[in-house]
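Next come the structures, one after another.
Two complexes, one shared chain (chain A), two partners (chain B, chain C).
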Partner chain A sequence: MTSLLRFPGARLVSHAAFVIIIWFLVMRLNDSVDPLANYYIALVAMYATAMFGMVILVGLSGQVSLGNGALMAVGGYVFAVTSLHWQTVPILGVPWNGWWSMVFAAVGGIVVGLLIGGIAARLRGPYLAGLTLGLAVGVPAIANRFPELLGGESGLMLTVPYPEGGYAPVEEEVFVDSSADTLSGDASTMAVPSADAAVSPDDMLTMDNFPTTDASAAVPSVDASVIDPGATDMSGVDLSGTGDLIDASFIIERWQAGLAITVACIAAFIALNLVRGRQGRVWRAVRDDSVAAAVAGISPAKAKVSAFAVSSLFAALAGAVFAQILSYVGPGAFGLGLSLSLLVGVVLGGRSSLLGAVIGGLLLVWLPEFVLSLSEKGGWGDQITNNAPNLIYGLLVVLVVLLAPGGIVGSVQMLIAKVTRRAPKGV
Partner chain B sequence: MTSFIDYLIGGVSNGAVIALMAIALVLIWRATRVVNFAQVGQAMFTTFVALTVQTLTGSWALALVVAMVAGAILGVIVQFLVLRPMRRADTSGAIIATFGVLIALQAAVGMIWGGDAQAYPQPFDNAGVVAFGRIWPISVYDFVVIGVTILLVIALSLLFTRTSIGLAMRASAFNPEVARLSGVRVSRVLTFGWALAGVVGAVAGVLVAPSSTVSPTTFDILLVFAFTAAVIGGLDSLVGAVALGVFAGLVISLVSGLSNSGNAPVVALVLLALSLITKPDGVFGHHKARAV
Partner chain C sequence: MLSITDLTVSYGPVEALNGVTISVPRGEVTAVIGANGAGKSTLMRTLAGLVTPAAGQATLDGEIITRKRPEDIVRMGVALVPEGRSTIPELTVEENLRLGGLWRQKSDRRTTQAEVFDLFPVLAERQRMRADTLSGGERQQLAIGRALMSNPKCLLLDEPSLGLAPLIVTQILHLVRRLADETRIAVLLVEQNAVTALRMADTGVVLNLGRIVQTGPAPAIASDEKLRHAYLGY
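For the complex of A and B:
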């Protein structure tokens, strides 16, 4: 096997093959589950995308950042604004579609990441954490500064650009366009018709394999994983309210999850190549000893800025996906809570491992649901149910930092190394 | 011009609270070289304790005292359970752990007192003082806030310069190894520093609560302002924390008054970024060679 992997570009090919296999398997899984599970898959993929960036920034480059939620806001808002205002792509003149907005979100993320990284590269530990904390609180507030363009406190509702060809069968996609309602931008009024739809038994078109009641119950609880309890702006946004479909074979959640999975896989491919290649060694070298790295001809500043730019790219992509999952962007959705969630996920999953990012994403989505199911059994009050996940996250983060800094992945690696009596793989 | 001056006057009491929170951050930084991002979580917890006491007894002063005691206890608990075992961990670990404490404390507050914003009763007259034939944008309560802050700052500076525990704290911060050899029980002194910071943070929380509402995350923004003030002040310097805290309060009041209160976090962010670019060690900080 090792000899096979020696030809030039072999690593690229093997990473591509690995990612494509994963993509294929997860897409198959996505097609075989119900829409509620699709929704969870979409969230996990979205978190994983953002946390690949956190692994690179916090784990490999050693810069603790609270700002990645703000960078997600950059991606989300670029996506929302471009998709609301553009019919054709500027300069290129080609007809606009959702992927163009993703590209612009990515570019926006890189630009902002370079900007912040330029400042951050001069800073050490707590200064950087404080600056990025300021970002997490300050950037969403910028939306209030430009209420016409960015929607202010109430945010922007957006019609998700559903595919014309591609994932769902083309000829069967017929929408009853409710975009007029959607664009009115009032989350609370939106939830009402969809909640009605959930209980009305004659609406079989969406009901037949669509557990709307569960889904609408799930949204606020997943919302609880966004740590800021004040960020309930989006709790009223019911996914089923974004467009009633005449044909049941197109499932919005499934399409959204497919998008999230695809973006996560693209991000994973880029991240794998960077982390396992020269750049990954550069980041680790600077993290472990920046003076020694500089002596070896590495520029610590460049390494730190590039880590910021890459993580910012991933955050922006995740933000654009998040905007499409919610059909909404708003300051509440991208607040400090989101940034803290990302930090929690990546620390628990494993700071230095891309796999840890995926596990962290699973944990962020699963734990609130688990707590919800426990509370239904135990009859806990709302106050306890809504806050229990964050209490657990906070305590777990402290415990993990104290006892198992490598997180879940790091601990498993240590365990395997103990059993096989080999040194653990360098992280 | 009148409104400009009014905004400045109105910002003083706000600045006093930011200064207190910045002092709390500085106290812990000096003692243990950790920025305690959980400080606002602790302050929020103790503020809710104070709210409970006040609702039960109706006494603002008693509530303040109870909050101070709770702040000291909570500070000691956090230091004992989290930061003391953390000494062996890397700096990233300590930072992440303080955020973990913040998340857990905010969740605990939400669990016990609910996630909704609650009003904190106004203990003193909140109307503008009337003098010299006009209404000034400063109330009796603002004077109380400023007065308590000044008292606390004087008490702290006396503690640091006139008492043996203050001397021990300075010695431990300056050089823990030498302090230990000279008979200072450094770890106890550090714990005392955390308790002290907890008290100061608790006071800040109770003082600011009536002019905003209290909910688990209300103080997040205060953390940003206080961190900004502490960093620009040099993180090491109590004088810097006070001066820059008040300054931040004035700037925020000006910006909020002249444009929109939603801009305040952006202003803090810009101030913080500018100061970190130009003077990474702060205006009042001592320039030190960076450990590599």
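For the complex of A and C:
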């Protein structure tokens, strides 16, 4: 692409143009589908954002991470805590809004990434996997140590910052019990999920109780059911007549998906420039031969730490988006399962390709749905239905590692290379 | 000029190098020869900063290069071509070359790259191909070219003949000779292939079990039968 245009910054411009076109197309798609599809798009974009970081960390710099879900938790919690407690931006004094929380989540991600990267750069192979596994298990549990600030096991509810006049300040949260007020449609009124209904990624993926699309269309307060997919009684409940607070044409899922798409595109732009530029070469050089890289004047330690920091930045952004999709943060939402699915998605999609991250995101959202539809046809029991996606993930990973180590994207590249009889190109 | 003085390196209780002193003037090729385990690679790794010496030091034009980080040593003008070539398989030839001079000004890098292509025309032909599609000899040229991208004053070559056909070995070593003559770089070469190495080197150093046994003009070392029998085993 860049070989045609050779002026300073050509690469930057072509990447920007590419990302803007993709953003425009996906936003158009987002506006033309129903809220359930909006919701799926939001999840795919959120996964893709996190997995851009995985591609850089695992694919390019060669550091296996089982803990990027924990880094997402950092972003999610920073978003939740800052948006719940801060009315103005410290020092600047300007009113707080959701974008500030996103910025702080990103900064938090980078800081934590630098810290962990500094340790991780000294470890390799199984030891690095061990460290990151510890993160995946340990970080979400920190919430339990600070129940006042972080909400403990039951997590924190947060009000989705409605886009009245842009990305408006977050209203103060109001906790109510999940009975009558839930249906009032007031944006600041949220159902508190019961302990067993705490949202886990699996719940979010299978979405067995997601309200039918007709019921949720044009209903502004449908986010109440999004945060609490365990509440079976939510579907089919008549939610009409609740549009007094905001425009009835406002669809929260569509807005959430738009946010997720925008963040994913920003992340994609950053990632494209890093991966295809000099930093990408540095990462791959250190991964393939750190001695050769060192004697070529590259610091392997710096390269490894920077990969961690970038990956952590993307994970934190994804976590902040996730928090807004769920209107909730909690230890269950950012558990080991999430970390593992990020790794699975990236391995399946193609671990050294940004396109692979998007494909991985699609797979992570689509596969559980596919299993669900199979189970409905086959009349499987709940036990099988709930565990089948994990089984299939496991099988797929084993198969991909054995038969197609480059994942979907790598295999397609190999195929193209065979057909055109040219050596496969680097990422 | 690269001067190594009394360099001692130990891995735990094992002394890999013991009081090694060598000087390599600019434009000359010094070949360090010796059997397996003589400490040849340790010498190279120490000079490149991958290993910290227990005692002694090395200087390049008076500047101390020992006990510094590898990436800083490269910036000071010492470039190592590691054993086994170690080009980055996934990157193209050109990308591999660029790695060698990432920290330099773009314009300087361009000039050096043109010089490298002049020296190794085969790299210019293959510049858009991935490094793992190159032959062993081409890869060795690429590894040397990458080292040259840092515009070094001193080039360290660790067993460039490893795994190459005899004809290619001769070609590579001739290229190294030309390099020293034309660019006035100081070349320190480590080789097991003593015959070929001594034929094109100016000075020969025989290393055995971490100590220098003999230093002298390369032809003299090559013709010293006792030395050959005792330390080089042929």
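Everything that follows uses one rule, which is that the second predicted complex is superposed on the first by the 340 of 427 C-alpha atoms of A that agree within 3 Å, B and C clash if a C-alpha of one lies under 4 Å from a C-alpha of the other, contacts with A are read in each partner's own complex, and residues count from 1 in each chain.
One rule holds in what follows: a residue touches a chain if its C-beta (ideal position, glycine included) is under 8 Å from a C-beta of that chain, and two chains touch if they have at least 3 such contacts.
None of the values given here were measured: they were computed from a predicted structure.
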Inset, instruction - Return fit or clash for chain B versus chain C, each positioned on chain A through the superposition. - result: fit
Inset, instruction - Please tell me which partner, chain B or chain C, touches more residues of chain A. - result: B
Inset, instruction - Scan A:266 for contacts with chain B and chain C and give back first, second, both or neither. - result: neither
Inset, instruction - Go through the superposed model and pick first if A:114 touches only chain B, second if only chain C, both, or neither. - result: neither
Inset, instruction - Mind working out whether A:291 is in touch with chain B, chain C, both or neither, as first, second, both or neither? - result: both
Inset, instruction - Please indicate which partner A:355 is in contact with in the superposed arrangement: first for chain B, second for chain C, both, or neither. - result: neither
Inset, instruction - Using the superposed model, determine the angle chain B, chain A, chain C defined by their C-alpha centres, to the nearest 10 degrees. - result: 70
Inset, instruction - Using the superposition on chain A described above, determine whether A:29 touches chain B (first), chain C (second), both, or neither. - result: neither
Inset, instruction - Answer with first, second, both or neither: which of chain B and chain C does A:89 touch in the superposed model? - result: neither
Inset, instruction - Once the two complexes are aligned on their shared chain, state how close chain B comes to chain C by Cα atoms, in whole Å. - result: 9
Inset, instruction - Would you please give the residues of chain A that touch chain B in one complex and also touch chain C in the other complex? - result: 289, 291
Legend entry - chain A partner contacts - residues on chain C that touch it in the complex: 48-50, 69-71, 74-75, 79-82, 86-92, 95, 98-103, 129-130, 133, 143, 146-147, 149-150
Legend entry - Footprint of chain B on chain A - complex, ascending: 58, 62, 64, 66, 119, 122-127, 129-131, 133-135, 137-139, 141-142, 144-145, 153, 227-230, 289-291, 336-337, 340, 343-344, 347, 351, 383-384, 386-391, 393-398, 401-402, 405
Legend entry - Residues of chain A that touch chain C when the two form their complex: 278, 281-282, 284-285, 288-289, 291-299, 423-427
Legend entry - Residues of chain B defined as touching chain A within the complex: 29, 34-35, 37, 81-82, 85-86, 89-97, 99-108, 110-111, 114-115, 117, 215-217, 220-221, 223-224, 227-228, 231, 235, 260, 262-266, 268-269, 272-273, 276-277, 280, 290, 292
